[in-house]
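Chain IDs A, B, C and D follow the sequence of writing; residue 1 opens each chain.
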Amino acid sequence: MPDTKKVNYLAEAWLVLTLAVSFGAALAGVHLALNDGIQTNKRNETYDQIPRLIPGANKDRVEAGAFSVDVGGAVVERTFYRALAPDGKTTMGYMLRSSGMGYVDKIEVLIGVDVKVKNITGLYVLAQIETPGLGSRIRTKDFVSQFIAKSTTRAIFAMKTAQPPESNDIQAITSATISSQSVCSIVNRSVREFREYLDASIQRELALEHIPEMFPGVSREQIIDIPSGKQVVYKVLDADGRVIAWVGDGKRMGRWDRVELLVAVDADAQTITKVHVVDQRERYWKKVVKAGYLDSFVGKHAGKIVMVKPKIEPAEQQVQAVTKATITSMAICRIVNEVVRRLKRSVADVQGGAAVKER
Amino acid sequence: MTEATDNNQQTDTPPRAPAGAGPVIHVAPSPHSFSKSLTTRWMMADVLLAAAPLVAWAIFQFGAEALLQLVVCVGGCVVAEAVFTAMRGRCPLGAMKDLSAPVTGVILAMSLPCTAPWYVGFIGACAAIGIGKVVFGGLGQNIFNPAMVGRAFVMICFAWALAAGGYVQLDEETAAAAADPESGMAMTAKEPLDVISQATPMDVLKTRIKDRKEAAPTTSPARDDESPVALSRLFLGNVNGSIGEVSTLACLIGGLYLCWRRTAAWQIPAGVLLASVITAGLAHLGGGGAGLSMADFVGYHMFGGALMFGAFFIATDPVSSPITPKGRWIFGIGLGLFIMLFRTMSVFPEGVMFAVLMMNAVVPLINRWTIGTPVGGPVPERK
Amino acid sequence: MIIILAAATMLVLATFMACVLGWANVAFHVDVDPRIEACIDALPGANCGGCGYVGCGEYAEAVVVDGVAVDLCPVGGDACAEALAGILGVEIEQTWPFRPVIHCGATRENRLGRTEYRGEQTCTAANMVAGVQGCTYGCLGFGDCAAVCKFDAIHVIDGLACVDYDKCVGCGACEKICPRHIISMTPFKVSQMLAVTCANNDFGKDVKAVCNVGCIGCKACGRACRIFTFQEGDSIPSLDYEHYDPEEMDGLQVALQKCPQKRLLMVGNPSEKDLAATADEEVPEIVKPDFKTTVDKTQWHG
Amino acid sequence: MASDGPTAGERFLRGLIPENPVYRQLLGMCPTLAVTGGMKTAMTMAGAVAFVLICANVLTSLIRNLLKPHLRILVFTLTIAAFVTIADRVLAYAMYDMSQELGPYIPLIIVNCVIICRCEVCASKQSVVVAASDAAGQSIGFAMALASIAAVREILGSGTFFGLRVMPEAWPNWGIMVMPPGAFLTLGLLLGLANWIGAVREKRSGAV
């Protein structure tokens, strides 16, 4: 292309060039002038909610944090905000920001939880495009306020009929049950994710709370936690310091959601002495409890336990699955096996260690 | 040779030729209607007659509620017809004479739940006649079945009244009110309360299918153990649902009468039933059986919901369905497929209404594809 | 700093775009003859198709490229023809405006054997039905021509189509639409032309059976004036408009008087030029092809 | 090539009713259907379009003699895009919640047919005053059209007007009006009404 031809294109287009340059500069100027204003607007949108979701918190005493969690294979970044008390050190509560699939598309929520992540202190729907007039009513005050003071350990369900205040479920918006239920499952999941993220101390807090229920009369000091690999194992001592049981915590996906159990074995990890449930959202849990499935583990030798079909009579080291709740029973059996294996290993380590010490 | 008898089509009556100048006969291009009874009035009267068993069963089943709904819808349609035709500058009485407004009203009423408030029926009627028919140019010009246009409008407008929740709504209040004694709510003259207290059969089936498929529970555990209603009750119509479509027996009686009177083309219902039976069977084989046996599952789809009512009354509206027999088969089968598609895939428990609207949109194309060959052999290609 | 960056990126973008557009402008240049645009401006732009082309654009192109006659535009008339000639520098010769003539004069009560037609109220539909009216040649009166006329120049009065020559621009739409082809575009040498207002080719007896005013084929007019010629086997005269000379009217007058059915009528209305020319003469304003009035000077009651 | 063409006043009046961008020229359909769910969003959109239209028209008519035929559309788009970005930033700064709610529809003004059409038809041919008045007329016409549709949809759909409760509490909100089908129905029926009024007025003025 001879240069002269190119030159006269540009010559012809001098107007376009000047306009382009001037607009470029103008837009940059506008951006500089307005940008920080816009950023503050964005920031305020979430920070304004903090006082509303965490009672007593103050908008500017907030620390933002983030943790990553894998949701269905993909690692997703979840941000949370820690509201600090006036003294600036102790946290008053957390505000989690998370999203999930609703009836039409994504729903983004802000969930306020108390410092021990045990109760929900507030909920705010940031963004949703549910069906207007129906699903979009999840933003209304009366729907959102139902979540306040609900416990985070047990799952929240959206029920079609009105719920008594003490029950952990909420009433769904009529003919928008799917949107209501999606909000509940988003809340359940994000709270559980957040709890898992929190350091073992909170986790330990929970275990320490349940072990006395398993062994009445055991005080908190008599429970010592021993790290075993990534997990933690607890040694339970009796009044005069002798080991009476080892307790392990196990979690697995049940039929609908995760099931969390505490399994106790005797001092030298030979027989299973107790199986205690920490957290479950299984639909058929009543059936499992009624069938005494958990107790059927007690007394078994601390080895691999096989689950058999509901009709067949269980032999040694076998447990009978609960009709209509086979998947849940299978999950429980696997947790028990897993925890028992871990307990045996850690007990063996300790005794080995002791042996080494003795030697 | 007698004078040509007058009939209801006004034409510019020509001046009579001078007496004795031979008979005055009338001529007209084809198609030639051969019998008196084939005027639109008679056709519409046939449809009303065929709907009689449905209306009777609805009033028996749902009591005064259904009657109110019917009166509101038919009245609304007639009023809307008068107002809109007057607006178009045509004399409203002419439109009244062909009884098409009451027919739209009855079909619309039959497709609404008895719990829907009065304004739902009235607005549905105005939408049906206004947007569904008169805007397109009056009877015969509308592409979509007016009753379905009205119901679609109302269903989106007042979703809380017509979606699955709407059916159960009343029952909670009445159930609760009837339950506690001092509410003083006398047992209304309705049929046994339990009939309308549980969700519609289609809704139960839908939630069962949904539970089986998805991991996370979509409704609370309390609901899952409702076994679907026995097929016999479904056939007879002793279940909850829109007032007109519950009783398959009444639909069959009315429908077969229509087909026998040739007001409704039999190919359409045949196509619909055939397609939905096959698809239901395939769905069951494909594991979507929701724990029912094959016969139950297919029977459930056949007798449940608005399939029968849709196939015999809604789909066979002569204006919005194809004219050639081959076209009608395509229309029927397409309709059956869409109904099953919506029932299994979509969130709505009932898919007949949307399916009919979708197929109505395709009818002009079907008509063009299935032009029959004229009597004298295929039309020569225009050079 | 951002300002410079933004300006620079915009500059780069603009230069790239400008170059592409500049190159495209040259590469895809279509040299359009400026005269065509001028012609299009001159034409009325009604796209009526009277000139035989699809629209004014096409006619302009034909005029400039193919050298088609500049005065084919009936709507534009002489003004537009002169404008086109000016643009092209071409001399225009005298041509006559074309106007429709309806070869039927029977109003509704003159048509015998007219049956009550119950089908679609259009001529094309009625034409397909045998026996819709006695005369198989004459006007059906359902107004297809009136419907298609864009200039509202033709109306069905009392069952017969009549042309309003004030509004008519001669686009020929009515001629094309009439299923019985009894409208023909005739060159109007003078604003009032003689026309044969009947198309019935049958013998007198058959014509009488179906129409009170039909031409019975007595050929009196042929004998009276040689301008009326009879195609072989035709009983109806056809007027040879090439030799039609408005001045030499005497033979015509004789023929007019001789015609027993009075089917020879003066149609059309005097244009401004004519009005000026015959200002002094007392000339009837609008001559409807009403069979009762024929010769312009005397009021003929047949 | 500033041909004479209609005067400023004429242009302004034409923009209001006779050549109303929405009801007569059927331009700018995407914002008309999308944002007329509520009066607030509709009026914000109308304001944004007005700002961009007036600025673009003025600037285009200022530089109309320098335009090269093959570059004119590039220039139009450039100016419109610049002004739309400015409008978007200002809106995000001033009324943040409104810009959240309007979301993608503010940048969508760049391809809004009303603006580029006015630039092409009027601004690139006539003087600044005429262009400005034409822009003002068109944008007021556009705003009136949006207002008419938004009023119907908001009152029927959510029983409020500019967010203030209008309908009685017992008014069952017509869900369809807030959703797209409602937008199409309302626009269609209002268009029919506008044509009907036009026809009646024409018949009356024609007949007289």
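FYI, a residue touches a chain if its C-beta (ideal position, glycine included) is under 8 Å from a C-beta of that chain, and two chains touch if they have at least 3 such contacts.
Given the structure is predicted, the values throughout are model-derived calculations rather than measurements.
The interface with the greater count of contacting C-beta pairs, when A-C is set against B-C, is A-C. A centroid comparison over C-alpha atoms places A as the chain most distant from chain C. As a whole-number value, the distance joining the C-alpha centres of chain A and chain C reads 86 Å.
In whole angstrom, the spacing between the mean C-alpha positions of chain B and chain C is 54. Taking each chain's centre as the average of its CA atoms, chain C and chain D sit 45 Å apart.
Chain A and chain B, compared by their mean Cα positions, are separated by 49 Å.
The residues of chain A that reach two or more other chains are 12-13, 16, 19-20, 23, 27, 31, 131, 133-134, listed in rising order.
Annotation for chain B: residues touching 2 or more other chains are 159.
The set of chain C residues touching two or more other chains comprises 14, 17-18, 21-22.
With chains as nodes and touching pairs as edges, the resulting graph is complete, every pair of chains being joined. Within the complex, the chain C residues that touch chain D are 14, 17-18, 21-22, 24-25. Every residue of chain B that touches chain A in the complex is listed here, in rising order: 159-160, 163-166, 168-169, 172, 215-224, 347. For chain B in complex with chain D, the residues that touch the partner chain are 117, 119-120, 123, 131, 135, 153, 156-159, 161. Within the complex formed with chain C, the chain A residues making contact are 5-6, 8-10, 12-13, 16-17, 19-25, 27-29, 31-32.
Those residues of chain A that touch chain D in the complex are listed here as 12-13, 15-16, 19-20, 23, 26-27, 30-31, 34, 37-38, 41-42, 45, 131-134.
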